[in-house]
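This is the structure I want to talk about, given as structure tokens.
Note that the chains take the letters A, B, C and D in the order they are written out, and that residue 1 is the start of every chain.
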Amino acid sequence: MSLTYIDAIREAQETLLREDPRVFLYGQDIATFGGAFKATKGLAEAFPNRVFDSPISEDAMVGLAVGAAIEGMRPIVEMQFADFSSIAFNQIVNQAATHFYRTGVPIPITVRLPSGGTPGSGPFHSQSMEGIYAQYPGLVVLTPASVSDAYHMLIDAVALDDPVIFCEHKFLYRWLKAKSIQNDHLPIGQARIVRPGKHATVVAYSAMVHEAVRAAERLHEDGWEIEVVDLRSVKPLDMDTVLASVARTGRLLAVGEAFPWGGVTAEVVARTVSEGFHLLDAPPQRLNARDTPVPYHPKLWAAHRPTPESIQEALRKLLNF
Amino acid sequence: MSLTYIDAIREAQETLLREDPRVFLYGQDIATFGGAFKATKGLAEAFPNRVFDSPISEDAMVGLAVGAAIEGMRPIVEMQFADFSSIAFNQIVNQAATHFYRTGVPIPITVRLPSGGTPGSGPFHSQSMEGIYAQYPGLVVLTPASVSDAYHMLIDAVALDDPVIFCEHKFLYRWLKAKSIQNDHLPIGQARIVRPGKHATVVAYSAMVHEAVRAAERLHEDGWEIEVVDLRSVKPLDMDTVLASVARTGRLLAVGEAFPWGGVTAEVVARTVSEGFHLLDAPPQRLNARDTPVPYHPKLWAAHRPTPESIQEALRKLLNF
Amino acid sequence: MRLQSSPLNSYPPPVAQGHPIATNDDVAANRKFLRSVFHSMLRARLLENKLSSLYKAGKIVGGVYLGKGQEAVSATLGTALIPGQDFFAPLIRDQAGRTAFGEPLIDCTRTYLGSASGPMRGRDGNIHRGRPTMGMPAMISHLGAQVPVIAGMLFAKRLQGTLAGRVGATCVGDGATSTGAFHEGLNLAAVEKLPMVVIVANNQFAYSTPNTRQFACNDLVEKARGYGIGGFAVDGTDLLACASVITEAVRRAREGRGPQLVVAHLLRLSGHGEHDDGSYVPRENREDHYGRDCIDIATRQLIDHGIATEEEIKSWHQQFADEVQRAVAQAQQEAAPDPYHEDWSALSSRISAAHQSPNPTAQPS
Amino acid sequence: MRLQSSPLNSYPPPVAQGHPIATNDDVAANRKFLRSVFHSMLRARLLENKLSSLYKAGKIVGGVYLGKGQEAVSATLGTALIPGQDFFAPLIRDQAGRTAFGEPLIDCTRTYLGSASGPMRGRDGNIHRGRPTMGMPAMISHLGAQVPVIAGMLFAKRLQGTLAGRVGATCVGDGATSTGAFHEGLNLAAVEKLPMVVIVANNQFAYSTPNTRQFACNDLVEKARGYGIGGFAVDGTDLLACASVITEAVRRAREGRGPQLVVAHLLRLSGHGEHDDGSYVPRENREDHYGRDCIDIATRQLIDHGIATEEEIKSWHQQFADEVQRAVAQAQQEAAPDPYHEDWSALSSRISAAHQSPNPTAQPS
């Protein structure tokens, strides 16, 4: 039996509905239909009155979740695509994120964002918004890269008393498979070394972890040992793990699928040099998507985001510095 | 005769309305009332049918501007506070920003954001959103710090064929004065060295330029020469000027008033180390606001944002490295 | 008793003029209700007059926003709601409703004066206050944003099986009806058929912007049908009309008849904030029917209907002025928040530093 | 000639049943109009059938979204608009309206097939296409977002003094009426009294979500009065009804009577996209009045009213199928965009590298 990343997300929601009466799901087409990506397939039938189709009102969907959270519920809101959370932006960053600091009352909502590019999805069904939400105080921003993390981190997200932006990668949905969900898992806020190495560190998250691993595998053939760190959570950032890795390798490449200005890679590099300047043997580098909207055409798309090839190339430059 | 920063913004809009028939102003309370900050005082009377009060519909205000821009106009949209642009977020980042790349048709709109903190303004009338908008391809993000720049950069913003997010600092509105508007000015995309020095570089923008200059003045008493760079534009970023300065001083502190995760300071530091690692004699540092919503109480507020004291302290640490 | 009230319009279904305040005709019940509403109106007015003075004396940092002219509407709503059971999301001009719903005056003065002991502990100010765990969320500035929040609170109660008999209410201004948040929130509440009352206090201006630049329908109540919800229009300067119409709307929501929209007509009797003299409001508006002061009207109505005597009302003035004075004095002598002892965390969970499993430490103030 | 049409409802002001298509009774004029509408309906249907096959054969990357069932509504609107003068922001299911408004079929096939020669040059795909400088903006995915854009295009013309006689139109779905963007945009258009027509194609579902989970009013046209705009309801499966009502709405907008809302009732006769079998649509819906195919109805109407012969219609089928075939063949043989020659700048101005003054290099494709 094997399990995909989207299966894991579905399973997590099933577990949550079963075990926690405070949990309910709210989103477009998630009830009988089971969601645009089938992340809630069968849940409306299994849990009557816990899974609701919402009107096309992202702002109100999150507003409703905030209100329900105040009254003790643990809503999970599904955005049909991360890109549409732009409509819910105000409720997320100004209502949910500020609430605990202002009032002392935490808002335990989880907003699921089907994120990242897939071929042919184009500018409005491909965005990676983790670097936008992470700028706002009061939000936890998670970016699972494995099947087991997709499961456990969603369970942990709902257990958290704070609003969580849960960035799932659409490319991983059906592409990423595992035999089963592992029982042991890391707590939220801790990064994972997915591949040990000694010549350079690649810090990545979400789908880019897999592209980085592929690049590392190819470089391995040339004798390079690349350490790959999966951030798992982009806010909070586990700088301990990043710095420990850079201490071992002396070289850092931060890889992200989001737009190149600011974002996760800038934060990782800026904190690394500020806290671990002396550890570095070469200028730390970043690799991001290009500075244009995500293109529709698969050929353009493949050249827009980092790939094993471009990561490899960036690493070779870094190793030869 | 002296002129404030807000006067300069008003003058610029007057000049634009006079000289360019494509320009019109659209915003809440900006017609007869002259705007919440009086940035459009008298303009509705002077230019009939060019200055319009809008409904409280930020999303539609920007949508309207985009449509008008397609048809050859150069709208300036005033948000009553930068914080309310969260409602216009979708039209800004998904409609306006992507338009030229997608269709080849540029969208020459200028969105004015009264930004930054002032005492007693609290979480929703104090935000600095430049680091949010700068993440999106297709936007130009400007942050004038002087009276002359407020004038010239607004003129230049409207001349640009691309959408411009114009971040004006509310604290500077009436506090910052100049004898007159200088005739010579730098083009958009170029930073300015506002105070030369040799021991360390502070990169700042908007109101923080003035706090940095104050910190530099105090350190001067102890014999330190601090170079202060005013970015002027946070996207594009003038890395040439930043790197040239760091080449002279070997030390970098990036100061911003926005939240600490990501944002302008992260981008400046990350690009400096990536492009100019060898220039640095010490770990580059950042100073941002704290990672909470902007507090209402003036005492909390003063401890939330960087001040001459905290900048000085950060610089002393950097100088003593 | 059938109380006399000023003309009121209604939109389907019609509410008869002079409809009784409550479901029964018990004079005593109405008497108590009206006296209670009036108390909150007066407390709010006296408190706000004081806030205005404090602002002018430079004792308040940031803006001061008054509900002057909106007290009859706001206090009636607050009184019709049941504290500890119902939900109320007040907006800018709801001092009277807050008071009626049970918010102590000290919450207001502490928040305006930045006391560390207030509900917002200096982190937020002025009207941006509330006690979410007591059914009163703290507004964010973004207009319309509280509409879906109230819907969510009610939705939670439905899921918890404790919705029956509960109502959630919020007020918005004429300007706020132009927001996407208002629309999405109200539509969602209608779809979920939640027991919600949304009052639009149409005070004819949004800051300086007149109705003519805000909407194009004849009366905002005409929106109700398009949402498939109940709709009422009422003269917001007339206490008896408010008491009749707003309690009826609350009653219908409570009965399970879904969201109810009440559009109250009035005029803002202050500037937008105390920094604003409101000189853009034409004299005609100030001198017309809705320019009258609802407290004057209510005073007259109470006396005329024998619900209170002139003397009593005078004594209330004195009593409430004293209460206000005490609330100000106490807040003024309290400590400001201390940035060095401030917990600068925006998260209730402590996950960032120690890499531990979620370890919630939330404690409502 | 007074054409017979299926029952249609209207909302203030009423549109009589069987109202003539145009302002005059000229049979020839109606004849020409109806034939033209039907041409666009048929072209769109044949094109979309082909897109569906291409999708199933794996020749199209990404989604394919069809307007099957909405052709009468969309084509009538597109035909009632004047290319080069009016504005039209098509949405998901407006292939027929695009064609009627003058979009060449090749724009569609090039965009679906990712040709570098298409209007979007492979940067955007499928229905996300347009020619903004020719009065047809390219939709973004976010529902409702085109409403204020059309308003802005009209607003520009007013400022330029060339608004007279122009109309701007857009279509949205029943689901899109729940968005804040729809509300803010329509309200703003009403306040500015712009000559705008917004058609709501109520196809009873938004993806899988039925009307009952989307809104609570009886008919979406009941929203019109709340915006202070004209409102019409029409049977969207009935070409003659559409021709009568939609042209009337366009005429009123053009006459300066402000925005007009037309709610067309129909059923989506495909899945949400071609990846979706739409099996959640209950059989009753598919079998009821609105489940009928507007092209069948229109064919019958044209023949019955002597507007076209069976023969003619058959020949159109052949002619349009050929056109479609050519548009597909040409797009298929064209080059894809080349990432190495791609201009990866999202800005038209070249300011970043050279620190020069603004130097616009925009050129519409």
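Operating definition for what follows: a residue touches a chain if its C-beta (ideal position, glycine included) is under 8 Å from a C-beta of that chain, and two chains touch if they have at least 3 such contacts.
Worth saying up front: this structure is predicted, and the values here are computed from it rather than measured.
> Compute the shortest path length in steps from chain A to chain B over the network of touching chains.
Counted as steps through touching chains, the separation is 1.
> More C-beta pairs touching across which pair, B-C or B-D?
B-D
> With chain centres set to the mean of the C-alpha atoms, which chain is at the far end from chain D?
Centre of mass proxy via C-alpha means gives C as farthest from chain D.
> Roughly how far is chain A from chain D, centre to centre by C-alpha average, rounded to an integer in Å?
37
> If you average the Cα atoms of chain A and of chain C to get two centres, how far apart are those centres in Å?
It comes to 40 Å between the two C-alpha centres.
> Where in chain B do residues touch two or more other chains at once?
Chain B, residues with two or more chain partners: 54-55, 57, 59, 83, 86-87, 90, 94, 97-98, 101-102, 123-124, 137-138, 290-293.
> Where in chain C do residues touch at least two different other chains?
In chain C, 120, 123-124, 128, 140-142, 178-181, 184, 187-188, 191, 213-215, 345-346 touch at least two other chains.
> Report the topology of the inter-chain touch graph, choosing from line, ring, star, complete and other.
Chain contacts: complete, every pair touches.
> Would you tell me which residues of chain B are touching chain D in their complex?
24, 49-50, 54-55, 57-73, 75, 87, 90-91, 94-95, 97-106, 137-138, 140, 156, 159-162, 187-190, 236, 238, 240
> Report the residues of chain D in contact with chain C in the complex, numbered from low to high.
178-184, 187-188, 190-191, 193, 212-218, 220, 222-229, 258
> Going by the contact rule at the top, pick out the chain D residues touching chain A in the complex.
Those residues of chain D that touch chain A are 60-63, 114, 120, 122-126, 128, 140-143, 175-176, 178-181, 206-209, 213-215, 280, 336-340, 342, 344-346.
> In their shared complex, at which residues does chain D touch chain B?
119-121, 123-124, 128, 130-133, 137-138, 140-142, 145, 147-157, 159-160, 180-181, 184-185, 187-188, 191, 345-349, 351-352, 355-358, 360, 362-365
> List the residues on chain B that touch chain C in their complex, please.
Against chain C, the touching part of chain B is residues 28-29, 32-33, 36, 53-57, 59, 81, 83-84, 86-87, 119-125, 290-293, 295-300, 302-304.
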